[in-house]
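Next, two complexes with chain A in common: one pairs it with chain B, the other with chain C.
Now for the complex of A and B:
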């Protein structure tokens, strides 16, 4: 008897918590279809805020910046992270403590410290050498820095999960290292590669703080644009872009999940 | 290395090749992180010991001026502003982590009581909102807590806030935002701990007529402790350095350390002061990580904190 009340209480608490988790997102999505520009009352369904997005040059360029940033940084991080993940696996019997510390550093460093370090560094390098002017290139560098560890850890754990004798077999089967990479390694880690790419992509799109501090005047991404719009005073257009982003990230993340053999963690 | 030790020269050649392999695979990434993160962080730490120049940029000579400013000593004598900000950061971290633990325990337990094939989906339902950009999620709360919204009017009717104030900006809104933001990070490790739970111990406790509270405390809690510690690391450390949530939901009186640091750079007002704040944040991060690992090892969890 007591067990059943406990169970019912738990179920109620679960639904309450889910409502708590989805309410803010639901409000954003709902008001993106609001006919009036009131943030407090819903007066009817309309797509006017979405049409308005299409005519807004700033938003379109922010969208383009976000995409270029996410794709370019993910590709670079994939190559570098993949190499490091394989190196960690192949040489796992050596003492690589310093490497582990180095790889975890971008993960444990608070975002704000990460962002301002990069900003201070880029500004000084630019002052002294004229290189690395704040803009998309500096943002790409910063994003790659925080994506590398995640790619490396995904690739590493995929290799660890493999039967070690497979490597011996591949050695017997294919004469050159290049052939081994093309015919054995890349196909074997393909799911991990795809999952790592989409995770990097999602991390990049999701990031605000680090982008904010490394951006130049011309390189605002969508989150930076939204941030500015919120600071200037809330406009219903924000709801529309935000809704599109909620949808896009959910799709990318689900693809990553499907391809990943690991549990979401 | 099947030929290792057979002929010395072949062995050393093999080792050279292995080392070169290590260099080729690891060097690009390691160099990248060294040049674009370790070097900038080291530079930032140096900045904290420099003097603030007229344009907000760091200049020589070296001094401890910025640390004095951080402690509240300005041109007009001592003021408690920065100290309040620091205490508020600690307090918000403590309260929000505590609340997250209170919500996450039943949720993680509930998921493990469901049928096995549903569990990954339920877990996913908890995690999915955190995939959306933090700015957007916080904006959602601004919409919900603004004056005139149902939640604000409810709070007004209950006499919790004065008329037309709205629930945001306030310290309460910041706490709520933090709990919302970090809940999934606590549910995931706790769920992993609950899934491995040895239920025989719990049943034994119940057979011996232990009250639910005692059964939880003696049979469940110790077993989920590694998950709890991992969760605290994932929640408390980023919460302490949070920038977006207090900036949007807190207003002037809700500022936390992250805002104090960021403002010195965003407005270009005082880099050394911001850098000193960043050092404080780094110290908190590493002390926090260290303490949690020690507690974890001492209590026999022995489990590595997985991120």
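Now for the complex of A and C:
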């Protein structure tokens, strides 16, 4: 009898936790479909706020910036992180402790510190060389720096999970170094590459703090736009943007998760 | 899966067309003074000189850490010798990278590519060498038929059993028609039944293709079943090279004798002519040799009931008897010394534990060897 009570209690706790996590999101999603512009009462279902988004050039440009930033930074981070991940794997028997820590440090560093540092760095570079005016390029560089550790970690774990004799089998079966990359390594780590790309993508879309410090006047992303707009009060339009972002990030995260679990077919 | 390769004529003809006709001649291997060290103080190979003949089933036998795998990896090109020379088929390949050697390996873990189907695994080597797809497909189909796994080619690797993986790994190497096939303990991951079945198959494949096989194992039984010749290694040094029977019956030293499974080794304390003094007593050997150690193989001994006097007759007590059906294994006590004997059961009363018996051995069966 007591066991059953306990189990019921735990089940309730589970639902409470889920509600705690997702009710706020549900409120935003619900009100994005609100027919009236009241943030307090739900009067009926409508897509008017979504139509309104399509007509708002500021939002469309912020959306475009977010996508360009996320895609370009993810691709660059994928290439660099993949090389680092492979390097870490190749030299895993050496004592690389502190080097690995250096690569992972950005993961634990507070975003605000990271953002301020990036900004200060870009300002100095700009002052000395005239390059790197704040804008999309600086944001891309900043995003790449915090995406790399995640990519490197994912790629490294994929390599560590492989039978090391596979590398030797490829050599033994006449594959030149270039062919080993094309016909063995890349296909073997493909799920990890896809997973790493979509994780980087969600990290970039999510990011506000670092973007905020490295953005220029023309390069506002969706989070930056929302932050600016919210000072004038929460409009139902913001709910619609937020809902779209929840959807986009959820999809990217699910793709990332699916591929990180998938064994190569 | 349980089908064995049947050695009928049609099959043999198919095999020829599949692999031998277009294949190069089987190649010999010559190793000269091969040295290999890992780190500062681990010597893996300490001056290995060895010639493996073309078409031979040659086994590198030894305990783990003896250097046999290192030697195989040097043959494959996966490891580079610190010093010495290696030639395959008369061509110096000491510094040739693995992807440019006509040598293929069957790995202990099989190392099948998980991202490829069985068919793509089989075709991998041919593809890397730039063979056109149609020719490749034909070769893969033939080898799959030869190894009797034609129905598996479209499977994924993770859908195969251990025995199937083993055969695919073998086929993936054979399809390239290498000059030499290297096998790194290829059967060690299989259970005993499957293992002995695949031993027979492997041997048949080798005999029919006439390809040079270099096989690594730590199992002396396996080595004796499979090999034309065996090299026994210890501490990076070749102890003895010879046909299985020679290595088993005439080991050159105590290490080889023990590794081949012999326990009856006794110091020769004194000798005069063909008379040897040992802890068992005085024995007469046909060829007393010079070695300080006497080897008595258990199967050369015979038991007589009671005490019988005579040359090479030793009084003993049965300390233990293990009945094995066709034969029995005895642990005998000769004075303070223990002696193992394996005796055929046919038409005899089996001595019981505690019985007094007389052990006899022919002078020709006594072998002396160095420490």
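Assume the second predicted complex is superposed on the first by the 259 of 265 C-alpha atoms of A that agree within 3 Å, B and C clash if a C-alpha of one lies under 4 Å from a C-alpha of the other, contacts with A are read in each partner's own complex, and residues count from 1 in each chain.
Operating definition for what follows: contacts are C-beta pairs under 8 Å (C-beta built on N, C-alpha and C of every residue); 3 or more make two chains touch, one makes a residue touch a chain.
On a predicted model such as this, the values are computed, not experimentally measured, just so you know.
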item: Which of chain B and chain C A:55 touches, first, second, both or neither; value: neither
item: First, second, both or neither for A:97, with chain B first and chain C second; value: neither
item: In the superposition, chain B vs chain C on chain A residues touched; value: B
item: First, second, both or neither for A:183, with chain B first and chain C second; value: second
item: Contacts of A:217 with chain B and chain C, given as first, second, both or neither; value: neither
item: Which of chain B and chain C A:130 touches, first, second, both or neither; value: neither
item: Partner chain in contact with A:144 - chain B first, chain C second, else both or neither; value: first
item: Which of chain B and chain C A:81 touches, first, second, both or neither; value: first
item: Footprint overlap on chain A, comparing chain B with chain C; value: 263-265
item: In the complex, chain A residues that touch chain B; value: 6-7, 10-11, 13-14, 17-18, 20-25, 27-28, 31, 39-40, 80-81, 83-84, 86-88, 90-91, 94, 99, 102-122, 124, 141-142, 144-145, 148, 152, 202, 205-206, 208-209, 213, 222-223, 226-227, 230, 234, 238, 242, 245-246, 249-250, 253, 257, 263-265
item: Chain A-facing residues of chain C, complex; value: 76-78, 97-100, 103-105, 107-109, 111-116, 124-125, 127-129, 156, 158, 172-173, 176
item: Chain C partner contacts - residues on chain A that touch it in the complex; value: 163, 165-166, 168-176, 179, 183-184, 187-188, 190, 263-265
item: Footprint of chain A on chain B - complex, ascending; value: 18, 21-22, 24-26, 28-30, 32-34, 36-41, 43-44, 47, 103, 106-107, 109-110, 113, 120, 123-129, 131-137, 139-144, 146, 148-149, 180, 183, 188, 192, 212, 237-238, 240-241, 243-244, 248, 258, 261-262, 265-266, 271, 274-275, 278, 281-282, 285, 289, 306-307
